[in-house]
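Let me begin by handing over the structure; questions about it come next.
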Amino acid sequence: MDKKKVKLRLENISQSYVVNNKVFDAVSDISLDVYDNEFLVILGPGHCGKSVLLNIIGGLEKSVEGNTYLDGEKLVGSDKRIGMVFQKLALMPWKTVMGNVEFGLQMAGVNKDIRRETAQKYIDLVGLKGFEKSYPNQLSGGMKQRVGIARAYTNNPEILVMDEPFGQLDAQTRYSMEEEVQRIWQQEKRTVIFVTNNIEEAVYLGDRIVLLSECPATVKEIYDIDLPRPRDTIDPKFLSIRKEISENTDLAL
Amino acid sequence: MDQPKKKFSNEERIAFVQNQKRKSQYFLAMLSVIGVLGFFLIWQISVSTGLLSEKFLASPLAIFNLFVVKLTDPAPDGAVLGVNVLASLQVSLTGFLLAIIIGIPLGLLMGWYRGFDSFMRPVFEIIRPIPPISWIPLTIVWLGIGLQAKAFIVFFSAFVPCVINAYTGIKQTNPVLINVAKTCGASNFTIFRKIGIPSSMTMTFAGIKVALGNAWATLVAAEMLSASAGLGYMILMGRQFARPDIIILGIVVIGIIGTLFTAILNMVENKVLGWKKL
Amino acid sequence: MKRKLLSALLILTLCTSLLSGCGQAQNSSEATSGEKSSTGGKTTFGIEPFKDTQTLRVGYFAGSALSIPFYIADKEGFFKELNIEVDYQTFTNGPAMMEANADWDIAGAGSAGVLVGQIGHDTPMLGIADYEDNQGLFVRKDSKIAQDPTNPDNWKGTTWLYPVGTTAHFTLATQLEKLGLSMSDIKSVNMDVSSALNAFNGGQGDGLAVWNAFACNAEDQGYVRISDAGKLGITNTSGLVSTREALKDKRELLTKTWAVFYKTVDWINASEENKNKAIAYYKDSCDEEGIKVDESLAKRIMDYFKCPSFDKSIELMTKTVEDPKGLYTKRPLLQAENDLLVTMDFFVKQGKYKAEDRVKLLDDGLIDPSIAKEAKALMESAAK
């Protein structure tokens, strides 16, 4: 068995805030290894610690304690090697789909033709071919999320972090997006850290599931999901894992 | 059972909807025209029947007549209408452009950089409520009596909405977009340029429209400072020589040009902010 | 419900007080006790007092000598003894005064203001209040014009600050004409006299045309008085005007006021002591309005004051002569009309007024001698 390469390491991460003259602990001493090209799901109850953890990984917040290491190198601030897909409102309404997707490369000063080509590849990958000139307010919720994913991919990050990207979508769209993400990931493999509060989604997508506790967030348990892809949500093995996890959490489905 | 025959083909349905839209637009436009005509009709009737004294309120027909005459007659202010309009445009547009060039960047920077805001805010808040007219005596001393002085007065009234709107606009920037840019590796200044400024465009534009309106309205005050020509000057002369018709003509022309400004700005806005209408 | 009523009332009160706050400043006079009526009922000029108190609303130019007889008469008690209470409405320029004619019964203004009133607001002139010689043209000591005012080239292209459409304008135009130039040879910047002086002090413009206290101020600043209306021989009338309404409803008040006004002018000129008193009164009236005036300036202003005497005023409003310019042939003209027409004709030449306006002035009886005649009759009977 190959020793899997550690892509991202979180070491003793703690985060707390001073709110109304009281200290509020959001994350308490989380240590975690994320392996290269794995699809890691972080599962936890709503609004406590998950997004904070992601922000720390993405360099949008500085943790009170602890460090993150990418390929052994300590991370300081935002790093282009870590791309993020946000839950909502992440598209620039004044830019077209193409404009949004190529934004990162534009920031990096990449030549226009190369930029366009790369962006087009990922627009096609997420299934939005033909919508390059559309504006965000002409797109549905699911389509907007796809643009977000395409944009993140276009920057060619080494790690893709997704912060509950389907939280705002209706159930049907959510299922189809889960399939999409799964498909895209299999086609263009890279390390993904995916955050959700939905157990079914977690089991469907993840190679491993990190279960977080209630506030302050700590690692409660880590599950290895060894099912073949694409997964069948009514497969008995799937359901038993799902049951196991749900009993272990205080989450309602 | 056969499927019932469709009543209309797709082409017919599209044509029908387009036709309805056209009719509705036409109807609304007609209402606007009727509104304006109605106003002029009431005005004309009031003067003709003596309800309003001809002495103090010339009828629309008389004003129109005067308009045509004034295109070539310099009396009583000494310049034909065209010269007056140009003189006024020169003053207001200079003040207006200065206000945009200085005011908008100032508002944007104040909204983005907290330190700069703390630095500029007290001065700005003190200046803000001062009415432009009260600057006149000092302006004469500092800037003399030429274009700079008059444009300065206009600048003042136009400057404030530019700053405030740009400020408010950029403060509303979606924090998620800022985070997106951060994760794309952008510096604070780049985020300011690429995310902050575009986000503020809607409010900034609203500010520009108000600024132009203010600039044009402050015109008369500016020309009171000193003038040899201009619509405000023309109105003053109308007063000096018992020509209320000239006064009204001046007011009407000021109003019409103001409307044209708004229309032009709306067209520009549609170009820049076109994505909003989609 | 009660609360709504209360707030509605409060708002109404607020609005009303705001609205009444706008509008011209009103100074009610405190008719000081003069040394009067000690001769058991005989008033200073022998005019019969009113049985009930009458209010005389006067349109007033603060700082202007032409209005000063009202103020002096008031302070000396000449009005009070007739049971007339004076209510002042101050204005800063002619057009504003004429527009507000619903607020006064009698007013004094310069010729340009009188004309605006007559043509635009149907306010007839009742008499001449001054021949303003102190309408000055000023330049700086080191200017080319000061070196040689008779050389037209020194004037060409210069910038002049003055209020367009007033007698300052007239004076400047007359001076230019004398040099063979016209208004188009210079650049005009329209400013009110106060702003013009300020700007000139600030180094703006090459020349200044201002009147009265401002002209004296300009002199004090060290500017050179190149010429003025007096030196140019311009007949620069100021006039007393009234409204058609007042002429209809308050004839007796107007007649007595007219008489008091001119008799006060006679009083001023009667003795050195009175003249000095008048100067002091002028200074007081300026101080009240916040206009800076020192002793020397007050004296100069009063020296320039050339209001015709009572008798002369009657003559101006009654003696007739054919139109010396031959333009108006329907009837002979009063001397007062001729004097006012000097200014009118200037403006017609400049294209500001039309020839029809000149005719209207004379056709519509906008120089009205009826009050003068009644005042004459009044004083004749008072003398008996």
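Which chain is which? They are A, B and C, in the order written, and residues in each are numbered from 1.
One rule holds in what follows: a contact is a pair of C-beta atoms (placed from the backbone, for glycine too) under 8 Å apart; a residue touches a chain by one contact, two chains touch by 3 or more.
Owing to the predicted nature of the structure, the values given are computational and were not obtained by experimental measurement.
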{"item": "Graph class of chain-chain contacts, one of line, ring, star, complete, other", "value": "line"}
{"item": "Innermost chain, where centres are averages of C-alpha coordinates", "value": "B"}
{"item": "Of all other chains, the one whose Cα centre sits farthest from chain B", "value": "A"}
{"item": "Separation of chain A from chain B, taking each centre as the mean of its C-alpha atoms, in whole Å", "value": "47"}
{"item": "Gap in Å, rounded to a whole number, between the CA centres of chain C and chain B", "value": "42"}
{"item": "Whole-Å separation of chain centres (CA-atom averages), chain A against chain C", "value": "86"}
{"item": "Complex contact set, residues of chain B against chain A", "value": "174, 176-177, 179-186, 190, 194-195, 198, 201, 273, 275-276, 278"}
{"item": "Partner chain B, residues of chain C touching it in the complex", "value": "94-95, 98-99, 112, 115-117, 119-122, 161, 164-166, 187-191, 195, 198-199, 202-205, 347, 351-354"}
{"item": "Chain A residues touching chain B - in the complex, by the definition given at the top", "value": "58-60, 78-80, 82-84, 86, 88-90, 92-94, 103-104, 107-108, 135, 137-138, 151, 155"}
{"item": "Complex interface listing, chain B residues touching chain C", "value": "55, 74-76, 78, 136-137, 140-141, 144-145, 225-228, 233, 236-237, 239-244"}
